[in-house]
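Worksheet for the structure shown next.
We call the chains A, B and C, going by the order they appear; numbering starts again at 1 in every chain.
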Amino acid sequence: MDRSTYSRSRRMAPFVAVAAAAALTLAGCSSSSGGKKSTEDSSGASAGKASTPRMTVALVTHQAPGDTFWDIVRKGAQAAADKDNIKLIYSADPNAGNQSNLVQNAIDQKVDGIAVTLAKPDALKDVIGKAKTANIPVVGLNSGLSDWKKLGLLEFFGQDETVAGQALGNKLNSIGAKKAVCVIQEQGNIGLTQRCDGVKKTFTGTVETLNVNGTDMPSVKSTITAKLTQDKAIDYVVTLGAPFALTAVQSVSDAGSKAKIATFDLNKDLTTAISKGTIQFAVDQQPYLQGYLAVDSLWLYKNNGNYSGGGEQPVLTGPAFVDKTNVAAVAKYAANGTR
Amino acid sequence: MSMTQHAEPAVTSPPAPGPKETDGRTSERPLALRLLARPEIGVFLGAAAVYVFFLIAAPPVRDGASMANILYSSSTIGIMALPVALLMIGGEFDLSAGVAVITSALTASMLSYQLTMNVWVGVIVALLVSLGIGFLNGWMVVKTGLPSFLVTLGSFLILQGVNLAVTKLVTGNVATDDISNMDGFDQAKKIFATSFDIGGVNVKITIFYWLVFAAIATWVLLRTKYGNWIFAVGGNKDSARAVGVPVAFTKISLFMLVGFGAWFVGMHQLFTFNTVQSGEGVGQELIYISAAVIGGCLLTGGAGSAIGPVFGAFMFGMVQQGIVYAGWNPDWFKAFLGVMLLGAVLINLWVQRTATRR
Amino acid sequence: MASNESGTHGAILEDSVPRDADAPIVQLRNAGKAYGNVRALHGVDLAVRPGQVTCVLGDNGAGKSTLIKIISGLHQHTEGEFLVDGGAVHLTTPRQALDRGIATVYQDLAVVPLMPVWRNFFLGSEMTKGPWPFRRLDIERMKKTADEELRNMGIVLDNLDQPIGTLSGGQRQCVAIARAVYFGARVLILDEPTAALGVKQSGVVLKYVAAARERGLGVIFITHNPHHAYMVGDHFSVLRLGTMELSAERSEITLEELTNHMAGGTELAALKHELSQVRGVDVDELPDEKALKAPVAASPEGTV
């Protein structure tokens, strides 16, 4: 009816006016600095595509959701997959039992190759045996340096977190640190625990661990501040993830401490902090490389029967140290989210 | 049909009562015991006991800067514990409260960055999104009649997944980009994430917000019509509806208040740390609920206060940081946390029982 | 709010409502309610006049709950007419019923057990003072008023802050009735107020029903106890299987007839016949079929 549409449009008028005003305001509210417009296109490296037949590779890790390190592993794996005409199926679960189910899932999907991390080798032993029976080649990456051969994996890329930790411990020795605190953001996470254990093995000074609630950043900040206040002898804060290092910078300032900060893993903001000197150095295990090599190796094996290390030796991807002297070279790639 | 023809009914109205008589069976308990029986006092004493314990066991706690740190740690829990407590008094749970904080921060950050907007635009859109999520939660609970535990469990999982997936989709990473050099950032930081120097101690602004919000929440709960509705809707929803209390409005608005809290804490987090990790927030909802329950809010609804959760949140922050200040073995951290909280709650219970028995 | 009765028994009492205002405040004409394919109520005629107590009796499952829910605004009728002050209405919320002066005291009392007495008294109609946005509860006035109103009804409480759940069942009922009367109810619906009470407490509640009547309210008194009903009722309606089986003024029916009707007269007669076959059971005292007659409503019983 005419009258109802007329009255309806009159009722809609104020809403339309508000929406229009909001749109205009939004259009005028752009930022004059920062933001996406000011950053270059950061799509990462890309190359052509192989003409070999399409294959499927499953990458099964023990990543906890939202973890930065594994995100980079995945990016490296995807880059290799894109180049080699591979369909990459990524799945992860920090619980070892669930991780082995995911591997079984891949076997059921009849993939052409499987790449796994051996955080808990015993839990994956059976399912890897099943993969071999099904004639699916399995390679290892990141964790399992001392177990991959026993379990019958073809090759191994990367090094254990323990090795990375040991390297950091040695570096601390070389710069004369006396007391370090190792900040674990998820108590019970194997990779994180291995890193701190590695540091303890080689560091000649004292290392204390500090458990923080990684799902609540303000709480992380408060707890590190509390530790630095409680123990004034600490001269190095070692964090196990880039975001936590940046938070530690705030804690050090809050606590009025003179401690320096070192960390594992990189991210965009971390390289800036290293070049500014607020963070001393970072251990770069080159997760991108670990993921890339793991996937690419399966392509090589399928198409040419090659396997690195000849079944005897692992392929180490690091650890590399990034500090003020070489951060500039790495910064661009960290900005891409691939280092 | 008039009244005059029927047999006289056996019952007529009661006689008017005499001058101010009393029932006479209840004698006044002494003021001290009456105070002790209030749930807020019990949790206050529990919190005081915890504080005194750490004053003795952990020397660094005696320092003013340490107290500021503990209060800061309590305030980020406390600000969320307030609307969660009000919602619990109103008879519902919100399990998505933890990840909702991160959703809010992610929205503000990604919107501002991707569209290169003034950061305030992101802040306002994040507010609308958070209120919208609260509205959806409340509307679903009211419309379906399902337990809010179930409904918000669903929204918790959805938000957790969306946080991770959308961040990855939009930024290509698991964390957002740095927005600290964008327009409006410094202003917003002054409002949400700044700190003051008081007597040489650096005090974060969230502590003040926490206490102000607590005062407002207490006033609303005890001194307004809406507060009466909250108690009624949580105590007996059907009775409330029968006497004309707008049950749907009350419940939905309570969920939206939780959304507002999530926005506020999310903004604080964004402007303190610049970047937001998309996987955070999981597990925080249990801490908020614990602070509310320790503070005397009944799990079944209908009773509680806004002051109690203030002490509940303080207890949490005190224990969490106190363990570190005391230098105890960090492997036992979670176990210590649990033991201390249980201890505080038991003290609370004992005080209440003693006070009401005498 | 002071009552104007003289407190004497048997004398003609001055009503606050003029005698010729006999028009029913609430009226149901052939009303009914169906839930999907279930007809819970049908063909119900009811008139509630000021200063009269209309008793609605019936066993469990007869449809009494559905009937009150329609009048109190919790449900909507699907057949027939529902008239308030002569005009047809469709109430969608209890608030609408309350605004028209229809107050209900439910079996589960519509109180919130953990809340103090004074908060319960004013729930949904709280007194406030002060300008917006600082409008706050006028706690002083509410406590004073609640105390006064309760005393007017004869309830004396030491502490109005005590949770209403700590009061006895009878006291809670009386608080609920006092609340309804205070808030200007013109029609008071009492849903089985004496069902869970002992003899003495039931007596107290019945006294307040009479007090409400004397204040000029129209009272709908739902019960399955004919003795209680006969003590205060002016009009009796018996519901059975969703329809009205009996509708009579006080002058047309005796207590015995009412009781027998309610007790399911025909079934009892059949039972008596069977019992007489069993040795040792004295059936002489039980009523026989002739005694079980009573005026029946005009509309035939339908099937549910």
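The definition used in the following text is that contacts are C-beta pairs under 8 Å (C-beta built on N, C-alpha and C of every residue); 3 or more make two chains touch, one makes a residue touch a chain.
This one's a predicted model, so the numbers in the text were calculated from it and none came from an experiment.
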item: Category of the chain touch graph - line, ring, star, complete, other; value: line
item: Most centrally placed chain, judged by C-alpha centres; value: B
item: Chain centre separation in whole Å, for chain C relative to chain B (CA means); value: 42
item: Averaged-CA centre spacing for the pair chain C and chain A, given as whole angstrom; value: 71
item: Centre distance in Å when chain A and chain B are each reduced to the mean of their C-alpha atoms; value: 34
item: Partner chain C, residues of chain B touching it in the complex; value: 1-3, 5-17, 21-26, 219, 223-225, 227-228, 231-232, 235-236, 238-246, 298, 302-303
item: Of all residues in chain B, those that touch chain A in their complex; value: 58, 60, 63, 65-66, 69-70, 72-73, 76, 98, 112-121, 160, 163-164, 168, 172-175, 177-185, 202, 268-269, 272-275, 277-284, 317, 320-321, 324-327, 330-331, 333-334
item: Chain A residues within the chain B interface of the complex; value: 26, 29-39, 42, 64-68, 71, 187, 208-211, 213-219, 221-223, 225-227, 229-231, 243, 246-247, 250, 254-256, 267-269, 337
item: Interfacial residue positions of chain C with respect to chain B in the complex; value: 3, 5, 7, 9-10, 19, 22, 49, 51-53, 72, 74, 93-95, 98, 104, 106, 108-115, 119, 122-126, 128, 135-137, 139, 151-154, 156-159, 203, 206-211, 214, 231-234, 249-251
